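Both of the next two complexes hold chain A, though its partner changes from chain B to chain C.
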Partner chain A sequence: MAVDRRGFLKFVAGATTGVLATPVPWKLLDDASIWTQNWSWIPRNVDGENSYISTISKLCPSAAGMKIRLVGNRPVRALPDDNHPLSMGGITALAAAEVQLMYSPSRVKRPLKHSGDGAYVAISWEEAEKILKENLRRAGSKIAYVSGDETGTINELLSGMAKESGSEDFYVMPSEVQPAARAFAAMNGNGQLGYDIENSDYVLALGANILESWGTVLRNRAAFKQSHPAAEKPTVKYVYAGPVQSNTAAGADEWLPAKSGTEAIVALGIANLLIKAGASVNAPDFAEFKALAAQFTPQKVASLTGVTPAKLKAIAVELSKAERPLVLTGSEFGQGTGVATVLAGTAVNMLLGSFGREGGVKALPLAPKVIASGMDRSEIADKDLVAYLSRISAGKVPAPRAMVFYEANPVYGLPQPAAMAKVMDKVPFKVAFTSFLDETAQACDLILPTPLGLERFDDVETPYGIGQAFYALARPVAPCAVDGKPAADVLLNVASQLNMDLGFATYEEVLQAKAEAAGADWDSLMEGEFFTSDAVAEQSGLRLGAAVMGKALAAAPKAAKLSIAPVQKLNIGTPNTAIPPYNNKTIRRWELQKNEMYVAMNGATARELGVVKHDRIKLTNSSGSIQARVNIFEGVMPNTIAVLMGFGHTAFDEFSKGKGENVMELLTVGYEAGTGQSVWNVAGVNVSKA
Partner chain B sequence: MEERLLHPADGNSTSRQFGGAAPFFVGLVVALIFGWWAFPGMLFSEQEQPINFSHKVHIQDAEMECSACHYFREDGTFAGLPTTESCAECHSDEPLGEDPEEARFIKEYVETGKEVKWHVYQKQPDNVFFSHAAHSLESCNNCHDFSEVELCSQCHIDVANMDKAPTYYENKLTTYSKQTMKMWQCERCHAHPEHYGVTRSSNACFVCHK
Partner chain C sequence: METKEFTIKWGMAIDLDKCTGCGACMVACQAENNLAPIADASNKIKVMNWITVYELSNGKPYPEHDVAYLPRPCQQCGHPPCVSVCPVIATDKNEEGGIVSQVTPRCIGCRYCMAACPYHARYFNWRDPVWPGGLEKALTPDVSVRPRGVVEKCTFCHHRWMAAKDKAIVEGRDPMDLPEGEYVTSCTEACPNGAITFGDLNNEEHEVAKLASSKYAHRLLERLGADTQVYYVSRREWVLRQLDNYLEDEKVKG
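Presenting the complex of A and B:
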């Protein structure tokens, strides 16, 4: 029987009816919906046993203690560690992103060399070490080392290699540490300044952004939390003086708007009032200090800083009434402050009787160095990287033949970065040991990938801001996600081939020796324990450093009519990490929109400048210029523009590169009279509509 | 002029000319056969386990409980399938039995430290959060009187008495197992009013879909 059209249609109708009575359409529909959940780019759960490893962050400048959660052998999350003195149940936004940073698109995945045409060429580790060795040998004593690590024993290794080559040029990236160490040295002090914030009953932070970026932040936050129970009256008063209502100012019980870079003047104003009320210090230069402080009358302080006489007097009275007051000084953006600032703050502490007292300032002992030819912390504090690069730029000292950068990004992270980059051009061979392809690595001839702190052995010794001597190990929680080698092991190997005698064959041996020198038990450290000690360094003949303060303040730059106030936030990362991709969503819409950053000013300043919210403006000064849009925020002092740090990367990845502009372009380096310390916490700026 | 006819001139009925209802029924039957018999074979691929694991030997001969291998960890999470390392606690140097599969397991997995890529009959998608801890004997036996094997086999294939691992049918479209439970099967308990009354196991979406 032939099948005609009508017969065929009947067949189709029957088949359709039949199919509807089978699982075919319904099962396919269901399966298709499941199939759409199986795209290759959707991550899958990998089951495994949960375990936790205690360690410490080498990426976060606050040396955050943390617990890493592993599922099977895979680290999945950085968590707070209740039992760690540098976590105390908290974690910083940067440390929280550390596990995800292992898989950052900017990680350097293998050794690279820059070829003649500027392209990167992947090379083997053997070839990389050969290039490194030949160039270090060729450079001889004309070599400089730059470290981005403040707390690791690797600085002894790097400085030891410099010295073994006959060079004194070892530098650490600038932070709060150097001015504090130099200040204590100027006081004839022994050890490192430590702050017993937990036991204080009145905390005055002059510029020190203690709840966001200053010192061991998590410890500061824990002390703040402890003294500020929810829905109850605070037991400790926190006062913050600074130009912007930062996170610290917002959390503090009182915010004293004070111009950027005037912390020392506020401190001397308070010292003057305390001395008038009868306070004194048994120090050989007290009379000199008294005369210096007397110059800073409340009226003068008000004119220089913006802190009203009544407010200054009230703070001085509150401080003198407190039983265990503590004054902390620093820069609201964690760098660029002068030695005089720390001296003035410490002098106030001494006037209050808070030096060496519970809840006050302590002198913490530091473990002796273990690499004989290396530099200890006080020697390192005298080495001023910005001053060194500026001298090269000015032609006062010759550029080295080779520079070694260890987890340091000066091309982005120093003031006037364009000028710093020009100095780099003068150096024939540059090598970067780095985890990420940052601006400095891009300017280097050889780029060597280092494992992150979660992938290597490293150490942290008594970070600045802590109140007791401390030592802990960072331990590898996972294999290195890239073809990286610990820089210390590579350098020790090269050093041995160059016949340098550093006394150790492996970095683990160095760390063991350091742990022993610190008084810590190696086996406990390897299990994630940490070493703390309440011992204090003995002092004799402590001075106030009045002469140093006098010289510095006599020549201190006056605040400009319109100043910028850089603001540091850890979620936006550091020059070494850029913005962790995990953290992009924590950046607020009035901080960054797409690739445009916002700067904040109050309504009165905006009216004076003739700008309104969202206006595109250009900020210019003698150092450089940046573009941004305007945000109006009444938590900024008059005639001040708050600019977030951490934007404007020209390297890294889509999560950081080209997002906003780098405030460091506007920071002008000056030199503190008397100490020669490079400072950049005062910068004027002109604003025009872009 | 040619006559236009609505019906054939030879008087044949339309039903005879177009086969009546037969094509409809032929189509119906073909579709039913395809849908119920051919389609499942086309949709699922048949796969055998990499090693023929005998649950019967372990449960009946070695007198082990399900939970000897499929246990809860100290933190309450469920270990699921044992690792090669766990199996090697018994199966290390010499085979314990005469099954060549055991010898192969030792040679190919224990000695190399490789994990066996078992086919999981009851693998759920990541968007389904199933807690074995919440479905424990302690919880279910408040009312039921399940043995461990009976409880496990409420959802899993009852492999306790099987000497040969059942064939694994993988859905070619979704890549999940044919035996993977669908939501309506979960709801046999979750939507059951008596279960809710006793266990407070709500049937709300977020109970399983996190």
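Presenting the complex of A and C:
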């Protein structure tokens, strides 16, 4: 049948009418609009009554004071606490994320056992405690404990357990604390060095990243806030000396470029100028110190540190003109400093008359230990974890049969982590008490989830950097979000089964005893109050530690032709937290792109190396190598490469894992002459195009 | 176009000499306003941030180099370019306080406002927000979670103003006469350096009003005439110069 034109048009018209008359197209259109708009589930707001609980952060190294906002029984925000001396109305980028970290995807949700084939097997707490007890019994005295907590009484418990089993191997992860404590001990000092930054009228930070990560940073920043009224001339001058124009340098009134690891030399250069101007200290080794400082002429300091003689002289004059000057020392990445650095800085403070003066350095009394067999802070400061692991690595001491890690992540956070991981392999049984599935936990046989600081009772005693004796409790604001148990309770239980006599049955009793020893009132601590005391520790026969400084500086490593300067930023987290979920948005564009990190150097250095921005380079030295892209940032000293810490996690979750590489791979451990303290604040590097 | 005047004009003065770029404001903002985290946050075009901290450089080589950080919330323009282009009045400047609103349920996702905003302060939800691992348990009840397909931006934590007003009414006080500091944004509250000052620009007693009249106070792209309610303060000439497009030989006030 032929279809003519009329027939075809009739058919089309009929078909069109027919289709339009049926509901099919309308139904399809309707469905299409519904299904394309049918959004996947997104959460809805859950209302409830607001309440606030004051507590203190155990996760942020600043020991931030904070108010936790709860809606119903849900914690939702970590807020600053205006009335807390360790917040003073501010919060760090890390502490601000603490509530969200309760629900981090990388939290360990239940006790895990590493099976023979490498898989994790969920086990009950009963089984976990049984495995722990058996292995600790089997290890006997061949056991080591590593803690990642600097301020908690749990260190007395862990060291007490070590000693009760006949081991001296208790260590705390390295930080600014150990060199400072050892320095003060070398000075014949009693107590802990404290810094009255609030009352100072001139602040010189030698390497110490005081506005980002050093010490009780929120207190430092509150002092900065007070002394820098908006749109007005600052009332206190802040000077930062370091190799990189870091966040601290950005806030400071003057950045004094100084090579990484040369803080002690800058301090001695200043001391020399002060002594020449008539300053002196009533110390038995002042003459020796004077002779040592005299070696550090402005010209010599300039050649070693990069600080010009004119600048050094200007700083010395400004310091001597100030009424309450304060010198703070440290490393721009919060670890790896030598004892001599703190000694040199403290010596300058003494020359300026700032020791024991308002706005200067104080000796803070520490509460006596409450667990008789435990170690106190000065004993702990003498225990050098990096040195211990290096000795095992070199075969000088045998590996322990068991290692207990408490909220410590040495496999990621120590220099030369690959070497540290190899040491771990030599240990037959390893257990991690941790909140997150970190690199160390992954290398352990048993992983025991601990509640976060917001979910347990814990304490903070006089953190390093603070200007007065301090004690406060961290209190649980919500039930533990996972099947976790406080490590202290688990360990006390196991200790009693192993017939160790620690003197306490529960951790709450330990904390009560500690609070009493500190002079604090338990009931008010339980209500979120804190204890502070302006008492100072009595000193007699204080020395400058000239002999120690002399030995250390005589053998100090020379700066390499091209060196790296690690930079710490709290927003990128710590080895224990990695990058919290909300915080990776704070990483700048040319710090990380997808999974590639950027390292920064100035234009002249880049030209010398023959690289331009975005070039892929490989940084190599005897310790290891990392790959990165080049960012040009003129706030870096010549022949220096600034590398951010906090990248290169191989554990945790999608917010951290596989992003960039770990700068610790490039840090080479050395030992300070005279003190034996492990140091890693000077590292040379070679650069090649990748 | 005339600027709509209000009895209260909430504003901010950010001291760029005090900001060290730590990012606490950004984290506090996300937690307060229920922004979702993102695994790869390096693509800054796709990342949602109601406040972003930019790095400024004086452009000089070492050792003359200087650095500053500029936190950028919504500038809450006096006559906002975004409002005039919105076809559905999802964004408006019509409420006492002078905060540019963003009614996400009304937004149709056309993104004209994003094109119009000279400050890149608006963000589009390309995907549904995801809070992995139970992170949604930490959401606040104050700010609705936004689905994909809508634009969002900083609201000066408008919910906090509503709460402060409610509290004043319950306590028998005048909600239009809040004491300074009773209502502040989450970023202001978080900043440990006190770089952000928040308050009523129309109240001469408020610190922010005093700072806004300082010779060191400038606004971002001021000469566009958007009459923004966010002021930037710096005693450094090079910093102020970067806040607008100046000719080389042109003098900058301050």
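Everything that follows uses one rule, which is that the second predicted complex is superposed on the first by the 649 of 690 C-alpha atoms of A that agree within 3 Å, B and C clash if a C-alpha of one lies under 4 Å from a C-alpha of the other, contacts with A are read in each partner's own complex, and residues count from 1 in each chain.
As a working rule, contacts are C-beta pairs under 8 Å (C-beta built on N, C-alpha and C of every residue); 3 or more make two chains touch, one makes a residue touch a chain.
Note that the structure is a prediction, hence the values are computed from the model and not measured.
Visitor: Using the touch definition from the top, say if A:Pro23 reaches chain B (first), chain C (second), both or neither.
Guide: Only chain B is touched by A:Pro23; chain C is not.
Visitor: Once the structures are superposed on A, label A:Gly251 by its partner contacts, choosing first (chain B), second (chain C), both or neither.
Guide: Once the two structures are laid over each other on A, A:Gly251 reaches chain C alone.
Visitor: Of the two partner chains, chain B (first) and chain C (second), which one does A:Asn45 touch, if any: first, second, both, or neither?
Guide: In the superposed model, A:Asn45 contacts both chain B and chain C.
Visitor: Check whether A:Asn499 is in contact with chain B, with chain C, with both or with neither, and answer first, second, both or neither.
Guide: neither
Visitor: Quick check for you: in the superposed arrangement, does A:Leu211 touch first (chain B), second (chain C), both or neither?
Guide: second
Visitor: Which holds for A:Ser540: it touches chain B only (first), chain C only (second), both, or neither?
Guide: neither
Visitor: State whether chain B or chain C is in contact with more residues of chain A in the superposed arrangement.
Guide: When the residues of chain A touched by each partner are counted, C comes out ahead.
Visitor: Between chain B (first) and chain C (second), which does A:Asp31 come into contact with in this model arrangement: first, second, both, or neither?
Guide: A:Asp31 sits against chain B, while chain C stays out of touch.
Visitor: Thinking of the overlay built on chain A, is A:Gly14 touched by chain B (first), by chain C (second), by both, or by neither?
Guide: first
Visitor: Tell me the contact category for A:Asn282 with respect to chain B and chain C: first, second, both or neither.
Guide: neither
Visitor: Considering only the contact definition stated at the top, list the common interface residues of chain A for chain B and chain C.
Guide: Of chain A, residues 44-45, 47 contact chain B in one complex and chain C in the other.
Visitor: Can you tell me which positions in chain A touch chain C when the two form their complex?
Guide: 39-40, 42-48, 69, 71, 74-80, 88-93, 96-97, 99-100, 102-107, 211-212, 217-218, 221-222, 224-225, 228, 230-231, 233, 245, 247-251, 257, 481, 569-571, 580-589, 592-594, 602-604, 633-638, 653-655
Visitor: Quick one: which bits of chain A touch chain B in the complex? Just the residue numbers, please.
Guide: Residue list for chain A touching chain B: 1, 3-4, 6-8, 10-19, 21-24, 27-28, 30-32, 34-35, 37-38, 44-45, 47, 49-50.
Visitor: For the complex, which residues does chain C have touching chain A?
Guide: Per the stated touch rule, the residues are 13, 15, 17-24, 26-28, 30-32, 34-35, 37-44, 47, 49, 53, 55, 57, 60-63, 65-69, 128-129, 131-145, 147-148, 189-195, 197, 207, 211, 214, 216-217, 233, 235.
Visitor: Which residues of chain B touch chain A once you look at their complex with the stated criterion?
Guide: Touch residues, chain B against chain A: 18-19, 21, 23-32, 34-36, 39-40, 43, 73, 75, 77, 79-80, 125-127, 171, 173-176, 182.
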